[in-house]
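Encoded as structure tokens, the structure appears first; notes follow it.
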Amino acid sequence: MSGNSFGNLFRITTFGESHGKAIGVIIDGCPAGLEIDINFIQSELDRRKPGQSKLTTNRKEEDKVEILSGIFEGKSTGTPIAMMIYNKDHKSEDYSALKDLYRPSHADYTWERKFGIRDYRGGGRSSARETATRVASGAIAKLLLAHFGVQISAFVSAVGAITNPLPYSLLDLSLTESSLVRNPDADSSKLMERAIEEAKARGDSLGGVISCVIKNCPVGLGEPVFDKLHADLGKAMLSINAVKGFEIGSGFEGASMRGSEHNDSFIRADNAIHTATNNSGGIQGGISNGEDIFFRVAFKPVATIAKSQQTVNTSGEEVELSAKGRHDPCVVPRAVPIVEAMAALTLADHLLRARGNRI
Amino acid sequence: MSGNSFGNLFRITTFGESHGKAIGVIIDGCPAGLEIDINFIQSELDRRKPGQSKLTTNRKEEDKVEILSGIFEGKSTGTPIAMMIYNKDHKSEDYSALKDLYRPSHADYTWERKFGIRDYRGGGRSSARETATRVASGAIAKLLLAHFGVQISAFVSAVGAITNPLPYSLLDLSLTESSLVRNPDADSSKLMERAIEEAKARGDSLGGVISCVIKNCPVGLGEPVFDKLHADLGKAMLSINAVKGFEIGSGFEGASMRGSEHNDSFIRADNAIHTATNNSGGIQGGISNGEDIFFRVAFKPVATIAKSQQTVNTSGEEVELSAKGRHDPCVVPRAVPIVEAMAALTLADHLLRARGNRI
Amino acid sequence: MSGNSFGNLFRITTFGESHGKAIGVIIDGCPAGLEIDINFIQSELDRRKPGQSKLTTNRKEEDKVEILSGIFEGKSTGTPIAMMIYNKDHKSEDYSALKDLYRPSHADYTWERKFGIRDYRGGGRSSARETATRVASGAIAKLLLAHFGVQISAFVSAVGAITNPLPYSLLDLSLTESSLVRNPDADSSKLMERAIEEAKARGDSLGGVISCVIKNCPVGLGEPVFDKLHADLGKAMLSINAVKGFEIGSGFEGASMRGSEHNDSFIRADNAIHTATNNSGGIQGGISNGEDIFFRVAFKPVATIAKSQQTVNTSGEEVELSAKGRHDPCVVPRAVPIVEAMAALTLADHLLRARGNRI
Amino acid sequence: MSGNSFGNLFRITTFGESHGKAIGVIIDGCPAGLEIDINFIQSELDRRKPGQSKLTTNRKEEDKVEILSGIFEGKSTGTPIAMMIYNKDHKSEDYSALKDLYRPSHADYTWERKFGIRDYRGGGRSSARETATRVASGAIAKLLLAHFGVQISAFVSAVGAITNPLPYSLLDLSLTESSLVRNPDADSSKLMERAIEEAKARGDSLGGVISCVIKNCPVGLGEPVFDKLHADLGKAMLSINAVKGFEIGSGFEGASMRGSEHNDSFIRADNAIHTATNNSGGIQGGISNGEDIFFRVAFKPVATIAKSQQTVNTSGEEVELSAKGRHDPCVVPRAVPIVEAMAALTLADHLLRARGNRI
């Protein structure tokens, strides 16, 4: 059983290799009657595309989305929404360097061992190019969520050793997009920029952390005992290329706290029930409680570096590798819309799932 | 769509409330011909049951498992394996204290808001009692994996602020069970014991971290792009009560590293391809690479504490709560077999899924 | 991937062998707040149980249902509803006759070839005893549907060569239960009774046809293009032991009609849109149109007969078989509640699925 | 939960409206290493396309398939295979006649009631044009099955009241394609041709029956108790536009037989176990037994006819309709490859599912 679908009721199935003819996605289960703003979908893709700034790869890709079905007179019809992004023509390129060896910390070796065959051109299906289809379908999930008032905002909270020291509640998240690294805190943003430029100059790469805040999520989303909302969010994030960790609310730090510190007291405020603190991260017992949902996602440094590395070729001989080509020295600025998209896909699915909760 | 099933091909469906007649699990998809050692299943449950040591609740529950179907002449037959654990008789107990209020950082409020009705006796379905069915079914997953040589070992690596400082490769994991806290490092184990006893004495609770190592996993498990092996492991762990974080391999620490440090060079050793380091945690591109799989799971402190707390009752009035009853001051020692069980269920599912990879 | 679950949102998973400890079912996805009348569930099981009349096996089984979870204070809570039916003690019986041979037109041979192991006691999992769990869970589906006004009525329309000649619209379906064969037409019912008694006397068996009518189904159930409502009803029926055929509306007869005869004209009646005829059987384009849903299900004659038959044993030698024991000469009277149950499970699932159709 | 996917392990997801930009399909789960002959896929599509003969619509559509992913150097790679069929440009057409009324026995009314919005151009998603994607993906399923020796052959066995009187065992199925109606029996084929031409001349339409034979299916496919092989085949067939009935083996006729007639005795032949007769239709207890799988599918007459009909418009007023345009007077000749495709998709899925049956 293959793993190219995500979600149950709001369900996407994606396809496509980095250097094939196209990548694309089918959304099955988008409710009928949703107004679809194609410009919004394209704008989300533009946030992800390469070549946006001096910090990202200067590889240019247009990533222009085309909708083939499921929309009629500007609205979703309840039928599958298919979206395509055609790849540019790579025919003339030379892949012989990649064909015969396994790049360190890439998926070359594991894919070849798993399937016995590997489309080595640009990483094939294992390329992060695949995430463009997540962003395109996530944009439609965002439109559905926005219809119900839900807002998702991710931002970069660490690049390498540089961290944004402020809790999200003290940040103005509307500033995220005006920062080259997508960190709404100007001071740490500048330091991160510099760190990325230095890594790039050294032929090296950096990891980072993305934080995500979801506001106005309805109470009651999440399906225990296995499909707890944060479990599905966690899976969604961990399925993104290069992600190594996920934490919700207090996360790993919470593990070192005492119960009396960590518990979120219920209080009465604004004529409703709220919690005084939010170590739970907006989810209790796997179900959203109406507070802000807050989580963090760790990205490893980009595996492709210009520096020379040791590896093994497909004949099992040890060889040296010096990557050529244009790659991001740090992926997190471009991964912000991907994190948002996967969060949106997860929530849209749970929004529909919760419709079956009561008679 | 409810969430009481886990896995796709090796699939469990669980049921039962804390104070109902029974809890139980059906495994659908266990291949025929597997020898089922019922004593092993019971021994796994015994590792999870309350009252094992002075560190856990002194509530006594037998958690005796009974198999109702799917086994014939000692072997699995390919039909569903149903397992039951009857609850002791709780009829005489008084739940009025729980009925009318929402315990802080518990699931009372969210479940009631979600379903409009709540079995308040002992937490109902949201109780961690439910995890016994994970351990029972996970034991059968372990038997299946053992048939193919796979070994799963979890241990406690932090309790509150006390951490086991050693990497797993320097630990003798066979010592885990002889430690009251299930930490194979004697020195930090003692400190953890003391920390738990102190928390208990203060009417407080502690969180902690469990580490898990999987040895001898076949190369090729994991189904990109969404069902990456570590994404499914992450979801499995995050679905366990009280879990707030998950990281694989280098995890959050990896986010602050440079690519040249983080990349795992391929080498030739023992006539096979291996990696010189294992920041990947045994999974690359979402697929197992044959190295040890290694991950860490963060547990928040137990929400039920003896100390007095502020909360709100079902009428929305603010009230004070002092929990009575016997609860664990720290859940991680008993959660070790749960982590192993969920890892086993995840791997068993992917073992079967990988059978479709090649013609 | 095993096949012991049915439904997507209203989903059952069943277990149990004919001569194991128990059979049972978990319903996951029943919405919270539904009043559960346990007596109704038991009464449905009583319609299916053996030994009801001179026409069925005189084997006595009580089939008493026990609910273990998911109900609190008389209502569904949204958590899994587990139901158990314990088997009587078969320990003293002798199965050696069945152990070593393959009964004609039974599942002995195929199950053994598929799984390499077979619980030969009473047919194991392949026994129609399994259908009791369909009836128990179907009863809850019926309660859910009744809440929305939907009514399901099946009846026997043929036994062997004897057919009930009247269309359902001319029958009083409230009379079904007062007929031993569950045919509301008294005249053909008598003939059927006699045919069954004759077959029994000859040591032979008969097949038959069950018709089913669903009244008051909401417009809009069914999920094209693959999960058309009649496609899922067809699968549901074909999954019942001994079923060889399914037809909806005009069915096979419709294949010989002309379009101008077959088309159901839309008309305006009772201030709503209806069809003048109902060759569609209440479903158009895979979606219910508000007219009566009508289908027919063909059952083969019972495979177990007293007459001597040729077969092969597990060593591949040809042997003669004369079945002993007490079996139904015709299964259709007892299959009426099974057909209704599977129809109810299918509709309950689609009722919930349709909740996602519109924003 | 929408219904645009079919299969579990060999799984297709389709999209597209009749008059949208394109229709297409993603196959997820095709094992790696399968040689993909694109010409074969196109040839299967050509068997389905309109305008093949004087008996079908003279509407011309090219239905040219393009593969976008999942194939590398002529072989499947284990990643999703996306296939596209672009629609011709319909921009200039006038749909006002269809926009405002509900065609009898079409899906116009039910789709509009279900989703609140309807792409009325050419029937939108409810058009049988959608079946082209089934044929394209079914062709790849056929390639997979052929690798394991399985052969699927469907043919027309009835058109209106004209039936092919011979059992399939007396027919030369290699002659099917040389008959305009796809009936390998020359005599009845001629009668059917004439019947279709007469219906066409009268502005009317005819239904029919397609029979299907599967040879060399491995023993052991099918997953009881719900996913019996014939239950999944039945659903597959009933999901095809215009299908009203399905029967396996003896089918409805079997319902009137006695057990002693109907039972298939096991015999020893060719050094293997076989059955002397095949009323079971190659499936016993829901599992293939190695004999020919044989089933029949009933198609209603095409709903679109030139003759004038009564119907209702979207304002609920009764109006008269005379269909214009070019439609098939009888769909069964073109439905033969669709039946084969759905059978192939069902078997391919079960072939992979059975890989989990034994340890």
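Should a chain be cited, it is by its letter among A, B, C and D, assigned in written order, with residues numbered from 1 in that chain.
The criterion applied here is as follows: a residue touches a chain if its C-beta (ideal position, glycine included) is under 8 Å from a C-beta of that chain, and two chains touch if they have at least 3 such contacts.
Computed from a predicted structure; not experimentally measured.
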>> If I list every residue number at the interface of chain A and chain B, are over half of them used by both copies, so same, or under half, so different?
In response: same
>> Taking each chain's centre as the mean of its CA atoms, which one is most distant from chain B?
In response: D
>> Suppose each chain is reduced to the average of its Cα coordinates; what separation in Å results between chain A and chain B?
In response: 26
> So what's the Cα centroid distance for chain B and chain C, whole Å?
Replying inline: 39
> In chain A, what residues contact two or more other chains?
Replying inline: 1-2, 4-5, 8-9, 14, 29, 32-33, 78, 114-116, 125, 356-358
> Which chain A residues qualify as touching chain C in the complex?
Replying inline: 1, 9, 29, 31-34, 76, 78, 144, 147, 352, 355-359
> So in the complex, which bits of chain D are touching chain C?
Replying inline: 1-6, 8-9, 14, 102, 104-107, 109-111, 113-116, 125-126, 130, 158, 160-161, 199, 204-209, 219-220, 222-228, 230-232, 234-236, 238-239, 241, 244-252, 254-268, 273, 275-276, 279-281, 283-289, 298-305, 307, 309-312, 316-318, 353-354, 356-358
> What residues on chain D touch chain A, complex-wise?
Replying inline: 1-2, 4-5, 8-9, 11, 13-17, 20-24, 26, 28-29, 32-33, 66, 68-70, 72-73, 75, 77-82, 114-119, 124-125
